[in-house]
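In the two complexes below, subunit A is the common chain; its partner is subunit B in one and subunit C in the other.
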Partner chain A sequence: MSQPEVLNQAFELGYTYTRSTGPVIGRFLTELRNRNIVGIKASDGRVVVPPMEYDPNTAEELSEFVDVGQQGEIVSFAWVKEPREAHPMDVPFAWAMIKLDGADVPMIHCVAAPSEDAIATGARVQVVWADETIGYITDIRCFELV
Partner chain B sequence: MANLAAVVGIGQTKYMTRRLDVSIAGLVREAAVNALQDADLTWDDIDAVILGKAPDMFEGVIMPEAYLTDALGCNGKPMLRVHTAGSVGGSTALVAASHVQSGMFKRVLTVSFEKQSESNAMWALSNPQPFSTHLNAGAGGYFAPIIREYMRRSNAPYDVGIKVAVKDRLHGARNPLAHLQKPDITMQEVEESFMLWDPIRFLEACPSSDGACAMIIANEELADKASKKPAWIRGVAMRSEPTMYAGRDEVNPQAGRDCAADVYKQAGITNPRKDLDCAEVYVPFSWYEPMWLENLGFAPEGEGWKLTMEGATSLDEGGDIPWNCSGGVLSSNAIGASGMIRFAEAARQVRGDAGAHQVEGAKLALGHAYGGGAQFYAMWVVGSEKP
Partner chain C sequence: MSEEQEVVTVVKAPVYLKYNFTAGAAPARFLAQIKKGVLTGQRCPKCSAVYVPPRGSCGGCGVATEEEVVLSNKATVQSFTIVYIPIPNNPIQPPYIIANVVPDGANVSFIHLMSECVNEDVHIGARVEAVWKPKEEWGFAMDNIRYYRPIDEPNVPVDQIGKLSVNGQEG
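For the complex of A and B:
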């Protein structure tokens, strides 16, 4: 049976938006511009990075910012053998859960490493800043093995 | 028969052009916290959260309910997002009410919002789709021809809309939360404002606002013990119809008439103008006051404009049935919240808690919202007395 001819039209939809980040995410991004990473203390004492506006247990507003280290430990990772255009690096790299020194929960970021063999759970990494920091999450270009 | 339910807490933000100091979460949170404080309750007292929001494309946050869970204290609780275009604030309140009226939940928080300063409501309202009618007109462009048809049918004088624009802004000047504060507005000022979508002038259209509105709805037992006077829910109704179909009456939609008849029947209302003390009705463009006066049965068809021109709907002129004492959508339009603001302001009136825009002795009030191409309707009647 021949394929019926179906009406078809390319369709793209997009709008421009702005966003106010508020006192917590705004502070985190501003600190990135200053090449500093902050977390926030939750009601159970854990330091959460990136910081969140409201406590996951009590729903109370959080406001106690804590500076955390620029080094940390890989909690888990996934190696990207063949990076695609949208990936942050054009050579093989790892997505990793990184627990920064002084933080109690890991945050996800990319790790530059020479090969999959060079990276492991428990490996120490440190932040690599972008040449120019502007208050975006991309101010952290990546992490590298210590 | 539904169980009794009542509004025991109301919280709003000050409506304004831009709230740059808060995230969307912070804005929504502010209204919710204000409602908890009004009810003298904490997050632990809430059994479920019902969130309302106009189309996701407005701010470009897809599924904002997921992002707002922690801001609204929903961890470990049921949460549900409601979506019926511009009427969403009203239908969200009704979904929250039905959670309590069903007996399944004792006390529910309901919140709705819009951050228009960070959105693209003008164009995201009508996304063009392949092989379907393009309606890239925005809300004003869509409703203007319907208003012109109302003017043709009713032979209403040209300045009815101007009168509504002035009346609602004078009401808004009594309400410190209202976005537009224009205590000195005149008919001449409105008439001289530029024409946006003929016959809708700039000052006959609603503003673009950032804001959120929240309510706490409780069952009879908890409402009886509430710290402040509750607003008892006396009737709830929703109706919908398609945007377009052959023979549809877009000036006086059937769904609106049916919805009003349903909610009046539940509340024992036979003559809305006489039986109700006031109404908060969704009027985003001035001429929708006379149109809805007819659609909601306050006046015979073709005569709604007469009530407006006589001052019947004006607090300042001592009208017998004041409409939109808070200033209405014409004074504040945080789209997703606008319907809920109508419902909440109706409740404020019967709680005797409406400040300088209080209708003295208000016992029974209507809250109304419409959305889409005037195709979604949500209404409730609230009363000062337990039925």
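For the complex of A and C:
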């Protein structure tokens, strides 16, 4: 039996999902499109960003939306030395938990920084909006150090 | 301006998985034969089962399969389904039949398309034959066989499906 040639073929499997946002995340994204960030007030008074539909303690439906700031503080972060294709930036950046002013819990997003040394827990950051906003989390292009 | 826009209710969240598929030795040999217009299987040295497309081993016996056997263009319908829902990017218009067919000389079936048939008349045990594309279009692909079509031969009894020799019902 002769050795066969090696046969390779590239192919792509695509799942073209469209997801329903529900009313609360829908409101959050609608506000993002307007370059505004909203959280929601939980039963214990905490402001949760992004907003959630049900109270984390009592499971009751939540409805009191609250505007939060466009600046905040890095609670923790991970530096990405080699961004991958699906990442939001093609240069090294940080994934960070950012507690926005007026919010009581951090939310995750990316932070642009010149180097790993430039970023630190406790650093102040502010939103950089995308040129065109469409009602998606990437309407916040990234955060940058203040 | 933005106040006029509608509230966001959905987001697009596609997932794309990029593969590089390597055929492996047995399927590569199989595909090389398919490119020449020949359907081949591999026989297990222990239980004699003939696999198509061959994977290089017998799942039942756990041994490597090396002996290659040329299979017939004739086959038997082992099972089938009528597809009514269009599949995105698939040029075939429903309703059409996807069947598990066992080529004569093999003991396992593979999935292929059926055509030149009345869908309602297709049945388990029906005799069919491969319709190949023109030779110029042959590549390393199963769709060198464009589809299977019915032939005028007696039905194969259910307990004989997958047990015919390469000579079909004569042999």
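Everything below uses one rule, namely that the second predicted complex is superposed on the first by the 128 of 146 C-alpha atoms of A that agree within 3 Å, B and C clash if a C-alpha of one lies under 4 Å from a C-alpha of the other, contacts with A are read in each partner's own complex, and residues count from 1 in each chain.
In the analysis below, contacts are C-beta pairs under 8 Å (C-beta built on N, C-alpha and C of every residue); 3 or more make two chains touch, one makes a residue touch a chain.
Just so we're clear, the structure is a prediction, and the values are computed from it rather than from any experiment.
When the two structures are aligned on the shared chain, A:R33 is found in touch with subunit C, with no touch to subunit B.
When both complexes are overlaid on chain A, the residue A:V6 reaches subunit C alone and has no touch with subunit B. Contacts of A:T58 after superposition on the shared chain: subunit B is touched, whereas subunit C is not. By the touch criterion defined above, A:S43 lies against neither subunit B nor subunit C after alignment on the C-alpha atoms of chain A.
Of the two partner chains, both subunit B and subunit C are touched by A:T18. Taken together, the two structures place residues 7, 9, 11, 13, 15-21, 26 of subunit A in contact with subunit B in one case and with subunit C in the other. Residue ranges of subunit B in contact with subunit A, taken from their complex: 19-26, 29, 43, 57, 59-60, 70-73, 75, 115, 117-120, 123-124, 127-131. Subunit C meets subunit A in the complex at residues 2-3, 5, 7-23, 25, 27-29, 31-32, 66, 68, 140. Partner subunit B is touched in their complex by these residues of subunit A: 7, 9, 11, 13, 15-26, 52-59, 61.
Residues of subunit A that touch subunit C in their complex: 1, 3-21, 26-27, 29-30, 33-34, 135-136.
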